[in-house]
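Labels run A, B, C and D following the written order; every chain starts at residue 1.
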Amino acid sequence: MATMTYLQAISSALRDELRDDERVLLMGEDIGVFGGAFKVTDGFVEEFGTDRVMDTPLAESGIIGCAVGAAVVGMRPVCEMQFSDFISCGFDQLVNVAGKMHYRQGLAVPLVVRLPSGGGFSGGPFHSQNPEALFMHSPGLKVVAPSTAEDAKGLLHAAIRDPNPVCYMEHKHLYRRVKGEVAEGVFETPFTARVARPGSDLVVIAYGAMVGVALEATSDLEGASIEVLDLRSLVPLDEDAILDSVARCSKVVIVDEANMTCAAGAQVAALIAHRGFEDLDGPVVRVATPDVPIPFSPPLEQAVLPGVERVREACRELLAH
Amino acid sequence: MATMTYLQAISSALRDELRDDERVLLMGEDIGVFGGAFKVTDGFVEEFGTDRVMDTPLAESGIIGCAVGAAVVGMRPVCEMQFSDFISCGFDQLVNVAGKMHYRQGLAVPLVVRLPSGGGFSGGPFHSQNPEALFMHSPGLKVVAPSTAEDAKGLLHAAIRDPNPVCYMEHKHLYRRVKGEVAEGVFETPFTARVARPGSDLVVIAYGAMVGVALEATSDLEGASIEVLDLRSLVPLDEDAILDSVARCSKVVIVDEANMTCAAGAQVAALIAHRGFEDLDGPVVRVATPDVPIPFSPPLEQAVLPGVERVREACRELLAH
Amino acid sequence: MATHTAEPAREGVGELEHLQPEDRIWLLRAMLLMRGIEERAMNLYRQGKVPGSFYDGYGQEAVSAGAAFAMAPEDRLCILHRDLAAHLIRGVSPARIFAQYMGRAAGITAGRDGNVHFGDRQLGCVGMVSMLPDMMLVATGMAMAFKLRGERRCALTWFGDGSTSRGDFHEAMNWAGVQKLPVVFVLENNQFAYSTPVDKQYAVDPVERAAAYGFVGVTVDGNDVEAMFEAVRAARSRAVEGGGPTLIEALTMRMHGHAAHDDMKYVPLEQVEEWRLRDPVERQEKRLRSLGVDVDAVRAAVAEEIDAAAQEALAGPMPDPADALSGVFCEGEAEALGDGQAPWSGFAGGGS
Amino acid sequence: MATHTAEPAREGVGELEHLQPEDRIWLLRAMLLMRGIEERAMNLYRQGKVPGSFYDGYGQEAVSAGAAFAMAPEDRLCILHRDLAAHLIRGVSPARIFAQYMGRAAGITAGRDGNVHFGDRQLGCVGMVSMLPDMMLVATGMAMAFKLRGERRCALTWFGDGSTSRGDFHEAMNWAGVQKLPVVFVLENNQFAYSTPVDKQYAVDPVERAAAYGFVGVTVDGNDVEAMFEAVRAARSRAVEGGGPTLIEALTMRMHGHAAHDDMKYVPLEQVEEWRLRDPVERQEKRLRSLGVDVDAVRAAVAEEIDAAAQEALAGPMPDPADALSGVFCEGEAEALGDGQAPWSGFAGGGS
């Protein structure tokens, strides 16, 4: 066991995989000599060289497309989007080439795309997005979103060893804020949900940065027993774990940081309304970012991102139901 | 009143707007001399010339990006994606440049993107997609999806006259199959839902091609009174109309042709589970395409697309609830 | 591999040096098979046995035949929608191609993907996506892997004149140029993109761009299968020797409509007539006749093969609807592309 | 418009012909303002008054100053992140720029968008998006509209060396070339894209690509504001005369880190030192001194203006959180971009 930040856990998983498997190749803008915009690959070129920690041209479609080509001839590329927002520039290669390949052609595309995402630091409309729902709606892509250092490492190992394209959502706001015990060496975290805190009166379902918000918001709600379910994986979505929590708690609040409409939370709510309906004792409440670009100025950004207060309020109201 | 096909209604709206407003400009691949892959603009070059019915290079990002530029200097561009699937190649310009412009800069982008979408004719994985949910999740884009000839015309007029970017989902399968009475001249259909058939026992909520499927599937369900709500507009989403129908019918089946996860139907279900919960008498049932690329071969394609039988079964089950 | 050590010595010499009589017959056979299969498939389409739409490469057969013939078993290909001969040369059987067109279970994609959207992964080919020219980046990435691993292998892809307008064309050309990758880009310039003539696509012939990306660009008569072969052979040998990418522009003409529904009345008749005189199949037949080859016998054998293949495919079942949801994800080990057939005599033991 | 009828006569003659003494002072003023504002803003950033990250264009001031100075009121600009002087020339007040950096209500985007992501639509400018170089297509579309309407106007945008690797660079260059549009593309080559040197971005200098797209490409000393002006003036006049696009590569150097957090230790010191000797502000000062201009007076006036502007901005309020959800959609009439200021004496009555 070692104590690591969320960011160190990501670096550690990448380093272990580069050491274990010569097929693993990192591709991205400024990840080599500079060590990455967030220093996730700091010092990697010294150990692994510029071939395996490749500074690519400024071309996201190129990064994803070339990674697909490398993957189908036996490499294990791990691509970094400098910010998850920029996947929009490689969206076609990701959803149409990588995502649909195995179903169409029986050809596996073992590929990971690391997507530093999320807001909370005045990144503005183009450095704060949470694009996971776009991937969830595109068949053939797996999507994971760790909330702890331990899961950041285990999910990344599992993603790199998965024979499919995996979108790895790493939340920028957690990089240095989240610390925790992480097991030594390589371990794979399954793409399933995790009960972050068991409870019986109400369950808050979240993933990524919103798990911490949910835990803080419900740490002390007039003694109510609040469960927090950390989805960890969005594709596959752990439907059993979700329906389980609903069955036990019968009241649900779903939190995600992405824009509300058609977000991951919408899918979770729809699932519960369909298959968990009988267990419900109250409306399926959602807390998410309203449908606006993420504004730059702190007072505006704070007004749109789901925070501890909004989540606490939502739980209070629902408990009173 | 004139009887028109869905396709003729689209052509007629485009023709009227080109005649009424010299700022209107059509851009797309093969829309000029050839009249478009589906002949929507057949004969247009003869009347309006190759400048206003522009055959563009094969470049979707270019089409959307140049349309944004033309729009902010006073034009009213209407772009055609040859198939809606290809918007993936212009996705960044659409969601990041067009969609966020007004919120960020106070600059309006009056722009329409026509997206021939949907399956049912062995188009395969790249000519059958329904990308509307991707747009719904991207703030700043309006999204409409007509199901009748009348609405095809009225919604397109309203879209072209809207000061915002509007994604106009035209379903290829309806082009020549759907016929109807269409009022003469220019009329704007509001971006609101429409009760396609009133009812009281159960409401089927749908849009685009699924409205016809819903009507057929429920035309005779052992005398049950089935309402069909045609959303018509996905952004803005007519939440009042949806909650209204739910309040009246208390049983809901939501149908969309897009892949299930995070689809428009997920958002509608989430809305109902949150704000319509008290009115529900039974689970919020969804019928959609499972999360697979749309296969080419007829038996496979028919197995994945939501058809009359699946919708009827879903309604029967729910009525029995 | 024999070919690799042998090649440098061969550098620079003309096609006759490289093509044995059996090779030149193979090239004709590949083109005849392509034309015959597509003609038969078009009939099946008219009879409603081929769902969706139908695309062919009538008049362009030399481009895919000549290029694919220069590729080694260990090379990798991304084959486009007018390049049927390339599949045949890599070893895909005509029966499976008919089954593919008809969306039957025995098709290369087992009915999941349509008509020309296929590639046999066991034969080192990746099935194209519709979005053009996305496969240029996939080919570039394959070449990147070959170079990183120090392998003497090459990737090749075809793409059309229209698709040169898209961003992915640029990202691939630039990436391949700056990293000096072993990739061959074959620009299949058939004068039209659907109904759009090249003068609405670009102001200057795209072959001129190669130099601006730092590598060689050559123009070839795309209706001469042996010239195609030689241009690609030279480009491949440059690639595996570390000389970087090559852009080969094959000048040809789309002699049919964009797809079955297209009467191409937007194409001037003279243009079609002029190109008809340069038919690639007739040209190769003429060549072989002058060498005393019994061309009619080759034709007859091909016709027979096609009949048998069509019958076999028609007898096969459609896919089982119960299968429709399987295979979105790979469950087992990821399996990389396999080696293809390489009939050229220059490849010792490179297939049939 | 005077400028248009006047211009043809001027064609070909050197910058001295076009720049009156007051113009040359204006150019210095614009660069001094840009440098002073960015230096002050950097301090405010260090004091925590500027949220997010901070980018500047230290050492590149001549590129935006010289280019924007050649644009007419009715022209339209997409301004990038190292081009502050262009905003100043179009007429944006320093106080609003400070407010923009600090995310205050008085900023050009009223706190919605960050630091350099702004453009005053009333002054004919579109605020950039982060995705590079997306604005090249927006500028191309503006030019397309000008041409369709037969207007003698021009669009201009800047973009960096790194962004030339992206597909949108190609789609814009190709589109502008094939439609021969009145657009000026200014490639601001400051040798690095974040930490990535140009030799990992391309094999051949991108200015070479212009010819392959069918238009003129010129290289200019991006640290000489008058040379910049002249190159863009000539390109603009070619554009409005129907001569099509121009690619202007401005050679310069990013003298600071990519953003405030970047110590740029990946840049060889000699490279920085060498460029320091070519500082664009000092060069213009030297020029003006030799003409007898009291440069210190200009400096003093600029410093004063900046102090006042910073004070004004600091006194302004942050945006009201209650506003955060408004304005996603335009509710009223769509209003097109307005005309900007155009201080060049060559534009009769073109602003201050």
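Here is the rule we use: a residue touches a chain if its C-beta (ideal position, glycine included) is under 8 Å from a C-beta of that chain, and two chains touch if they have at least 3 such contacts.
Computed from a prediction, not measured in an experiment: that's the story for all the values here.
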### Query
Tell me, which chains sit next to both chain B and chain C?
A, D
### Message
Under the document's definition of touching, what chains do chain A and chain B have as common neighbours?
### Response
C, D
### Summary
Separation of the C-alpha centres, chain C versus chain D, in whole Å, is 46
### Euclidean distance of C-alpha centroids - chain A vs chain D, Å
37
### Task
Just give me the whole-number Å value for how far the CA centre of chain B lies from that of chain D.
40
### Message
Show the residues in chain B shared as contacts by 2 or more other chains, in ascending order.
### Response
56-57, 59, 61-62, 85, 88-89, 92, 96, 100, 103-104, 125-126, 139-140, 291-293, 295
### Query
Could you say which residues in chain C touch two or more other chains, in rising order?
109, 112-113, 117, 129-131, 165-168, 171, 174-175, 178, 200-202, 328
#### Entry: Graph class of chain-chain contacts, one of line, ring, star, complete, other
complete
#### Entry: Interface residues, chain B side, partner chain C - complex
29-30, 33-34, 37, 55-62, 83, 85-86, 88-89, 121-127, 290-293, 295-300, 302-304
#### Entry: chain B residues touching chain D - in the complex, by the definition given at the top
25, 51-52, 56-57, 59, 61-62, 64-75, 92-93, 96-97, 100-110, 139-140, 142, 163-164
### Query
Mind pulling up the chain D residues that touch chain A in the complex?
51-52, 103-104, 109, 111-115, 117, 129-132, 162-163, 165-168, 193-196, 200-202, 266, 318-325, 328
### Query
What residues of chain B sit close enough to touch chain A in their complex?
85, 88-89, 91-92, 95-96, 99-100, 103-104, 125-126, 133-134, 136-140, 235, 237, 258-259, 261-267, 269-270, 272-275, 277-278, 280, 282-286, 291-293, 295
### Query
Any idea which chain C residues touch chain D in the complex?
164-171, 174-175, 177-178, 180, 199-204, 206, 208-209, 211-215
